[in-house]
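In the two assemblies presented below, chain A is common to both, partnered first by chain B and then by chain C.
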Partner chain A sequence: MSLIATLARLEAVESGRAQPLATVRHRRLTERPMVFVPLTTAGEAGAPLGALVGTDREEPRLLVVAQPRDRDLRSAFLAELADVLLPYVDGFGDDVELVERKETDAETGKKVTVEVELCADAAQLIVPSRAGAEFVRLLGRSMRFRRTAEQDPDTPYPAPPRVPLLGRWLTHYGERARVPGSSLLLAATDLLNRHWATGQSSLEDQHLGALLAWIDPPDGESGAQAALRAELGRDREGMLLRPPAGPATDPVFDNRRLAPAMERYDRARQLLAAAEDGESADERLGELHRAEREIRRLVADQMRPTWDAVWRALDLVRTLPEGSRVEDRWTRDRWSFTAHRDRVRAGEPPQPRRDDAVTAAQKLAARETAQAQLEAQEALDDPLVLAGRRLSGEAFVSEVIDVEMAWSESKRPSPRPLLTVRTEDHPHLGGRSAKVYRSLDGKPQTAQFVRYEEDGTLVLRVTDRMGRGKDPAEGSVPVKGDRIAWTLFEHDQRGGPKLPDPEETPWTHGGPPAGFAGGTPGSHVAEMPDLVTPEDLL
Partner chain B sequence: MTSDSAVSGRPLSDPGAEAARATAGILHDTLHGSARGVVVDSPPGAGKSTLVVHAALELAAAGRPLMIVAQTNAQVDDLVLRLAGKEPELPVGRLHSNDSDPYDKALDDLDNVRKSARAGDLAGLDVVISTAAKWAHVQGVEPWQHAIVDEAYQMRSDALLAVAGLFERALFVGDPGQLDPFTTVGSEQWAGLSYDPSGSAVSTLLAHNPDLPQHRLPVSWRLPASAAPLVSEAFYPYTPFRSGTVADDRRLAFGVPSDGSGPDRVLDEAAESGWGLLELPARHTPRTDPEAVRAVALVVRRLLDRGGAAVSEQSAEPVPLTVDRIAVGTAHRDQAAAVRAALTELGVAGVTVDTANRLQGREYDVTVVLHPLSGRPDATAFHLETGRLCVLASRHRHACIVVCREGVSDLLDEHPSTEPVQLGVTVKFPDGWEANHAVLAHLAEHRVRWEPGTA
Partner chain C sequence: MDKAALASALGSPGTFGQSQFAFMRGNAFEAKVKADGGKELLRLLGIDDPAGALVPDLAAAGPEGRAARTALALREATAAGAWTLLDHPLLALDVAGSPAYVEPDAVVVGPDGRWTVVEIKSFPMIDASADSSKVGAAARQAAVYVLALERVAAVTDAAQVAPGILLVCPKDFSNLPTASVVDVRKQLSVTRRQLARLTRVEDIAAALPEGVTFDLEACSADELTAAVESVPHAYAPDCLAACELAFHCRDRARQAGAVQTLGRSVRGELGGLTTVGGVLAAARGEAGDPADPAVAALRRAAALRAEALAGTAGVPEAGVCR
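Moving on to the complex of A and B:
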């Protein structure tokens, strides 16, 4: 944790309220995000119990699995979820703009300009917590390899139509959420934690209710008190006043409410199955419906406070104006969305179970680039974030007190003006050829650290972005009196090296993956679904 | 296992002969073996660079075009200088980046070293050397018959993936006990995969090629007899090594007697035994603990003021302890910056102050270490990392002085390792917790308690 974040936390403890960590919003919130509050069944990984989902805070769609161990009911739940989510996702697929992009021509190997589609906006999914994002991944993994009856008439347990497709989209969102600074799939707790520091531990910061209590406590109550109540407060019957944001449920709720209700439901089903005549069947069907309605009511009551809390969190984060470089990151999200849309439309197979060596290395490199870029962009967008970097010696704000023109010693001299600047900060400028950067019209300009003067001022040599001529372009050299923020970190990130194609994976990394062995290079072989084993059946 | 049985339990053969046998085996496998790769584990100061130079010259002599992959530009320049020192006639290529000032200016004085930013310009030279990062951008060239990958345990698997297409066979040399490569983003999703891109190049290589011959250098020429047993036992429990020197070979003495202050007493203890622990009163502090930082700086100041002189097998006469023979090691960059500032205040210039990551592979007569856990309220995986402590405790030829606040062993007991267990990941031994305890237990025997502000 940075020093400034520690200080903010101390202030939060002292004042009883969360303290801001940012003055602008560092994530994109779209106009119509899809909020998804899932619950899962205790004791069985990936068995959904229910969900509230929708883009309208007043009218969430309630999905409940009355008996999560019944795989038909689970399938029905997933089908219903696909009915809600897929139209929403598809709704962004056709509103496109045409963008020019440089591509390498496959035949000539030359760079050519092509016109490609870029979705004008992208679907955004908001879950309450990181565990919720993890659950999205789990759902994606469990669905994308399923086969529908249409794909494979012989499959023993066909998935409802569109379920595998939803699995692929959820997988894509789950993977994209691992890219630093991405906003396609956001957890409400991460959003709040990025922008405020509370006076509680980072573990407690994963509790959406407690987090909101610190940021927005009720009148006359301290954040600490309100958070404690949000975490532990129970009613007379022992139920949590603020049910957990899921997807795991409160064990007390499971034991005292859910388990008996499910028992009633199971019994009603058995009785219905055993009904011998129409009249008793009608009566027992009514009993079954009552039992189901009761479970739906219970599960909905558990999720509703979380649903409201997620929207409350969105309201709070929306009060901050968006940082100016957020748009740039969102454009990358749109590219990611568009690329997946294209893969789906081209009929490509689902994402493989595991990344091959090359894909894994590419993803890691892309994420490291995104991380460095995110850190730089947030600091450039937000004086409060920059203050943290200044405090840790990675940036400094200075006043220009002298400018001396100088030129490089080459045949065609280029301007290399020397700046003398004064700063109160303590940047860690050491070693030879330390470089510093400032933002000039949104582009980084580089200067070299030359020396410290006796009186503590710094001498910098500006080395680029001054045009091609002998004299620097208008406005490209600072003038006396300018206050400039310099960073020791670069603003842009160079992309990593080109990795070999997967079919050319070297011997050190096990050679080409199985899908390529013997096959024509480039022809991806879709992974087959797992065989059904006796353990798959209860 | 105690330090005694680890080292002196075996019949003490001549360390030089033992090391020569190991080197001969490595060169045999490299030059005449059938495997595509050879892996060499080298403990701190075991002559890894010497081996790399030796192997490079042999491969060049055998007429095999050789590329050498190192991890940093400093390492690359150092290797070029060593190669030229051994064999001034050898045509060497130094492939460098397009940045300004991309290589050590000392290379300009070498007649047979050609420097270029383009691999094509260096084609046909006997040996071409560059960093892994630069090699990764080389494309469209004939693959080299042979490669030497230096510091292979600090190279990431994805970096090897990017360069492995450039060579047919390779010698991988590195120290498994130093810091593992790291990433700034989460990589849990690949944990357990044989080619986890955030893992070390060697672990990926061996996972896919388990039959490659593996060698080990058995003698540390750097670490004195007082340090090798501890470092071997704490960090290399299953692959022990020994010091190439015995207790009397190395001595440290001061011209100016102690003034009785804490820093002076710990210096005397370290001169006597090779280790010293300057223990400050227990306290939770920010990372850049001002008292501890100042204590570190004071120790360095006194070390210089007292006219230290080192006697070693390398020269007959005592060698004065100058600023370039001393280093300060810390866990974090801001701590290093704080120590530098404190040293400047005391009028000391020229002493190396750096983090464990950057001190890897370097060697000094005396090191002063700010303990990674000093003053902390918690012990995170970062601070417990085995390699970090190993690097800090194994840079010295004579003595290592650790500055630390009291209470670290209690802190360790309150923070057992709680990293999640990942399927398919080889558990590393020893873990940082165990290694920290081992080192602390040893340091406790060389403890000097001091309350800054008192004598």
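Moving on to the complex of A and C:
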């Protein structure tokens, strides 16, 4: 945490309200995001208990598994979830724009320009917390290797159609969420924490209810009081007023409410199975429905406050204007979305359990680039973020006090104007010829640090973006009196060196992956589904 | 001392508890792993043809009795030179001068006299990897068992304790067990050092003011509060995940304006300034020595933050730049 962020937290403690950490919104919020509030069964890996899901805050779709140990009920839940999520995702697949892209021709090895499709917008998934985002990954992993009866008639417990496909999409979203600055899958807590500093620790900030209490406390109450109520407040029967944002449930709720209700449900099912005549069966069926409705009500009551909180969080974050470089990152998200759409349409197998060495290295490199890019872009978009970089000596704001034209000493002299600037900041310029950058019409312009003058002013030599002529293009050279923010970090990030093709993976990294061992390159071996046993709870 | 009950009596109950679903699942899984005389467990240890192990009865009266029974069973098993599974043995460990008893899920004794701690957990190992924080917690827990076992091994002929423990978890999304050997040498040395550094319980008790008691039945809430307040606390946000009294201590730390309520790292960042009021006063130039680098940095941070928030970054103020 930077000192400026710490200061914001301390101010929040003093004022009893969260303080801004950003002056613009640094993440894209689409017009119609899909909010997904999942709950899981304690102790069972990825056994869903219920979910509220939808794009309309007034009408969430309620999905509940009345008995999470029942494989059929769980399958029904996943099928329903696919019914809600897949049409939403598919809805973005066909609205495309055509863009030109340079690609390397496979045969000639030359760079050629090709026209490819890019989805105009992408599906956006919002979950309450980081744990929710992790659960999306887990759900994706649990579904993508399953087989439907159509794919494999002999599969012991066939998955409902489209469930494996949903698994692949959720895996893609879970994976994309690990790329810094991506907005395809966002956690409401992360969104809020990026833009506000509360008067509590970052650990406590993971509690969505407490976080909202600090940012938007009720009238006449301090954030700390409201947050405490959100954390610990219980009604007369001992139930939390603000149930956890999931996916884990409150153990007290599990033990006092859910377990007895499930027991009633199980008993009603046994009785129904043992019914001997039609009349008693009807009666017992009614009992079963009542028991099921009760569980649905209980689970819905646990999720509803979180559902409302997520939408409230979206409202709050939307009040900030979007940063100008967010569009650029969202375009990358759209590329990611389009690429996955293409893989699904091309009938490629699901993502492997483990990435091969080359893919893993590529992902890591891409995330590192994205992280550096995000840090640069946020600083350029937002004076408050820039303030943090100025404090750490990575940027400075200066006023131009003199401009002296000069030219390079080549055959065709190019403009190399010298700027004398004054700054109150303390940039770590290191030795001579350190490079600094400023944003000129959204593009970076480079200058070289020449020297410090005796009065503490700096001399910089502008080295690019002044056109081809002897005289600089209009507006490309700062004039006296301009106030300019310079950064010591680059604005664009270059990718690292190219990695070898998968079939060229060196033995130090495990050699070529199995699909390339002796077969044709490109034909990955499809992975087997997970083992299942009849007694599996999941 | 029942800290949860004490926290409730103080009016700041914690939020600990276990769901019976998780509890049942954990028990069912453990029973499955140990079924059939430990056949499955031996298979997980890498024994190709497990014919089943000896499972001695460890029942005895009282913790001392059970610990003695366990030590005896360990000796016999080591001498017998056959695979032996000790189900829930009880081991004694000296903690701050008083004996504490710990109970691993199981200990397997091999024919070569190696003792291996088995820790059975119900969080899944998905694609051969499990949640690192949970594995870390399991390793720290198991290190304590290894430490306690080493005491017994020291007085047993031809016995040695394996520095790797066997962590058994459900595989992927199934109920099938899978296992992985976790090297706990690092956790062992940490635990050993911490135990050696612990102040003896008698010394802690001696440092308390005369007459302090945490007797829940005999004391009123006010008396309990006063008793707890007489003990110094060192609250940090990580306490919330581990201690029932954390909310109470947090309340006290907040009232005192301690900056570490915002995190341990914050405390380090701010140098000698330890209270919220003190830091803000220094940042605003109302207090503090400008020559102190921490104070100077704070003032710069406050000025930069104010400038950015005021939106004046583009308009130089007269006197600032000229």
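Note that the second predicted complex is superposed on the first by the 528 of 538 C-alpha atoms of A that agree within 3 Å, B and C clash if a C-alpha of one lies under 4 Å from a C-alpha of the other, contacts with A are read in each partner's own complex, and residues count from 1 in each chain.
Just so it is clear, a residue touches a chain if its C-beta (ideal position, glycine included) is under 8 Å from a C-beta of that chain, and two chains touch if they have at least 3 such contacts.
Since we're looking at a predicted model, the values are computed, not measured.
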Given the touch rule stated above, what does A:178 touch, chain B (first), chain C (second), both, or neither? first
Let me test your reading of the model: by the given contact rule, A:509 touches which partner, first (chain B), second (chain C), both or neither? first
Now for A:43: first (chain B), second (chain C), both, or neither, which partner does it touch? second
One more residue to check, A:99. First (chain B), second (chain C), both or neither? neither
Hey, is it chain B or chain C that touches more of chain A? C
Chain B versus chain C as contact partner of A:201, first or second or both or neither: second
Between chain B (first) and chain C (second), which, if any, makes contact with A:79: first, second, both or neither? neither
Using the touch definition from the top, say if A:3 reaches chain B (first), chain C (second), both or neither. both
When the two structures are overlaid on chain A, which partner does A:354 contact: first (chain B), second (chain C), both, or neither? both
Of all the chain A residues, which ones make contact with chain B and with chain C? 3, 6, 354
Tell me, which parts of chain A touch chain C in their complex? 1, 3-4, 6-11, 13-14, 20, 23, 41-46, 138, 141-142, 199-204, 224, 231-232, 249-252, 254-255, 258-259, 353-354, 383-384, 386-388, 390-391, 397, 399, 422, 424, 483, 485, 530-533, 535-538
Report the residues of chain B in contact with chain A in the complex, numbered from low to high. 36-37, 100-101, 133, 136-137, 139, 157-158, 160-162, 164-165, 183-187, 189-190, 193-198, 201, 204-205, 207-209, 286, 333-334, 337, 340-341
What part of chain C is in contact with chain A in the complex they form? 12-13, 15, 17-26, 122-124, 126-127, 170-176, 237-238, 240-241, 247, 254, 257, 259, 261-263, 265-266, 269-270, 276-277, 279-280, 283, 297-298, 300-302, 304-305, 307-309, 311, 313-316, 320-321
Considering the complex alone, what residue numbers of chain A touch chain B? 3, 6, 178, 180, 354-358, 360-361, 363-365, 367-368, 370-372, 392-393, 426, 428, 430, 432-433, 496-500, 504-511
